[in-house]
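Down below are the structures I want you to see.
In what comes next, chain A is part of two complexes: it sits with chain B in the first one and with chain C in the second one.
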Partner chain A sequence: MLINKTANADELTIALDGRLDTSTAPQLEAEVNSSLAGVKKFVIDMDKLVYVSSAGLRVLLKAQKIMNKQGSMTIKNVSAEIKEIFEVTGFDELLNIE
Partner chain B sequence: MKELTISAEIPNLDTVIEFVNEELEAHDCGPKVQMQIEVAVEEIFVNIAHYAYQPQIGTATVRVEVQPEPQAAVITFIDSGVPYDPLAKPDPDVTLSAEEREVGGLGIYMVKKSMDDVSYEYKDGKNIFTIKKKF
Partner chain C sequence: MKLKNNFALKLLAGVVFVMAALSVIVSIIGYYLFTRSIVHQYSNSAWNTARTAAIYVVPGLVVNPRYDVREWQARSNMVHREWQRLANTQNASLIYVFRAYGENYQDIEFFTNVAGPNFPSEVFPDGYKIQQKDQRYLHAFKKIYEEGQERVEIEVYRAPSPEFPSGNHITVMIPFKDNMTGEILAIIAVEREMEELDNVRHGYLRHVLATTAILLVFVIFLYGLYLKRNLIAPIRKIAGEALRFAYENKKPDIPLQSEIKTQDEVGQLALTIDTMESDILNYVENLTRVTKEKEQIKAELNVATQIQADMLPRKFPPFPERNEFEIYASMNPAKEVGGDFYDFFFIDPDHLALVIADVSGKGVPAALFMVISKTLIKNRAQMGGTPAEILHDVNNQLCEGNEADLFVTVWLGILEISTGHLISANAGHEYPALKRVGGKFEIVKAKHSPAVATMEGIKFKNAELDLGPGDLLYVYTDGVAEATNSQEELYGTDRMIEDLNKNLDADPEELLINMKREVDNFTGDAPQFDDITMLGIKISLHNS
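Moving on to the complex of A and B:
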């Protein structure tokens, strides 16, 4: 999975490209742990993301919990297949999906 | 029917997914079903890799069969690790808020919700977990 970061003052956009699974979720977790300090608006762009498993959901939940305390998190460009995963797990109610 | 026996370790996850996908792609199951099956395969294989043989490493066997009319994939996972029934775990409450949500238990819940049939048995010293998904 490729992670492309764009920072602008207190806004951070992370674009994910590939698969967010057990093997790659630690990459995103490392970004969440190291890059969210001072961020008020966090956007995850899933335009090029083709797959999410529960390991990915765990990291998204962690990021959402951090951003609930300090600003907002938005997920955009979600494919129909990934949206289905969010719906089955109730994540469509936890996450702000644009 | 195709079968793969592989060391149950996370770095082999991609090989397992590719093995299953090769079978599915020959039958055109559609992107939604394919992702649901991939998620299920990942959850079950990762469970075996994490828990079956700790702290040792053992093998997992993955069998894929595509049944005709109505077309369905039947995928079986076999390991010789400690007896473990993932279906015995209570379902997570998926209506809780982010703060109240626990991070565990989601994987097997996704498997139960997205497959048409899931079953577990412990037989002859082996954990046998089977999923079935109609195309």
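Moving on to the complex of A and C:
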């Protein structure tokens, strides 16, 4: 999975490309742990993401919890398949999906 | 180990060969130079004799025909006398004067010949003529007559024989010229025996060879000692130490570097061997420890797997005295310990709780979280309330201090046995599949809530369903729906429903075993990262 970061003042956009699963989730978790300090607006662009596993959901949840304290988190360009994963797991109620 | 080839011997043999070759070459050069020097001395001696002999020669002596025989005889007698004395004192074997003429100068006329004391045979009488065939002599005559050389030498090396009684000798020739015209009238020749040459040369050779041999032995001895001390002994020591280490794998009593302290390659080798040995020992020690630790962890994980498995009800049928339903469940962890679990238990004699759940994440953390979740759900369920209420409380409890951000998807159902009424709550879990009696399996969709332990205070929703006799409910975790084959294709719920419907008469046990096999067939050799957990319950037909 590729992670593409764009920072602009206190806004951070991360574009994900590939599969967010057990083997790639630690990459995103490391990114979340290191890059979110001082960020007010966090956007995750899932345009090129094809799959999210429960390990990936856990990292998204972790990021959401961090952003709940310091600003807002938005997920955009979600494909139909991933939207279904969010709905089945109930994550559509926890995450702010555009 | 016995060495077949001793490298000290090889080194020595090389040196001996080179030295022997060198001394042979030096001896040959010395022998040649020495011979030349001795021959040169004889030559000079003969040349001096010839020049002295020339003083007595006058042109009248060497002409033919002799005009005045008396005067010629008197002169000849005087020359004879003087030459005889000269030959005796100068050790010349022959002094003679002659002229060479004719084709190639092969006709010789001797004018006067005198033999020295050592000359072993008769001399030619005065005026004697011969034909000279020896090319060396003819060549020498030509040099004098045609090339104007003032001194010509002929060296003859041979052992004395009856035909040629003189042995090694040298003949020096000088021209005798007319004072007025410079015409060469005759050639004066002195033959000098080189009687000492062989003796001196052989003596030289003997001395040189003997000296070389003694020196060679001495040098070999010293070189051998030197090699032994500086190369052979230390290398033997190193080789021995390496051999010892290979067999014993133990620290040496005395390290090589304290015995071999030279700063050269041998010293470096000793140091390297010492370092290598201690590195190997450290490495082995580390490896042993790590392996031991790993073994221990593995043993502990095995115990943990057992404990985890023991936590799930595995005795089937679990309630032999209850014939209203058939139930079966299975869990196959992808790693030693998994995050999936199922559970079923009676809340009261008429209410059976059914749980299937999947903790996000893998391994030991997931397993620990699973233990807490399972315990909390069972304890809370037994206090009464709807599934939504139960999950609400469990969620709030799990959210406390959940620093690892793990969560668990749960499907919790409570079945009223007497009526077949099922109330369930779905916290982010897969949709159940239901087969009505006489029908086929279908996914039952109901409103989802987020997974348990994601956010505090989540309100969960209950869904209600009535099960009749012969109905079969199948719940599962994402290890089934998201099993992946080597082409990265998902098994998916469509394929799952298709496989569920392959045998509509199967009871829950048969169904679950079949489904596990179908999933395994689909994934083939592709490694699976998710636990595979399923639960099936069928309302008995005679339950009414």
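One rule holds for everything that comes next: the second predicted complex is superposed on the first by the 98 of 98 C-alpha atoms of A that agree within 3 Å, B and C clash if a C-alpha of one lies under 4 Å from a C-alpha of the other, contacts with A are read in each partner's own complex, and residues count from 1 in each chain.
Methods note: contacts are C-beta pairs under 8 Å (C-beta built on N, C-alpha and C of every residue); 3 or more make two chains touch, one makes a residue touch a chain.
Computed from a predicted structure; not experimentally measured.
**Q** In this superposed model, does chain C or chain B come into contact with more residues of chain A?
**A** Partner with more touched residues of chain A: B.
**Q** Is A:T6 touching anything from chain B or chain C once the two structures are fitted on A? First, second, both or neither.
**A** Neither partner.
**Q** Scan A:S53 for contacts with chain B and chain C and give back first, second, both or neither.
**A** Once the two structures are laid over each other on A, A:S53 reaches both partners.
**Q** Is A:A80 touching anything from chain B or chain C once the two structures are fitted on A? First, second, both or neither.
**A** first
**Q** Who does A:K65 touch here: chain B (first), chain C (second), both, or neither?
**A** both
**Q** Quick one: classify A:V88 as touching chain B (first), chain C (second), both or neither.
**A** both
**Q** In the superposed view, which residues of chain A touch chain B and also chain C?
**A** 21-23, 53-55, 57-58, 61-62, 65, 88-90, 93-94
**Q** In the complex, go through chain C and note every residue touching chain A.
**A** Per the touch definition, chain C meets chain A at residues 358, 360-362, 405-407, 409, 426-431, 448-451, 454-455, 458, 478, 482, 529.
**Q** Using the touch rule from the top, collect the residues of chain A that touch chain C in their complex.
**A** It comes out as residues 21-23, 53-55, 57-58, 61-62, 65, 87-91, 93-94.
**Q** Can you list the chain A residues touching chain B in their complex?
**A** 21-23, 51-55, 57-58, 61-62, 64-65, 68, 80-82, 84-85, 88-90, 93-94
**Q** State the interface residues of chain B toward chain A in the complex, per the touch definition above.
**A** Touching chain A: residues 10-11, 13-14, 31-32, 35-36, 38-39, 42-43, 46, 94-99, 101, 103, 106-107, 109-110, 113-114 of chain B.
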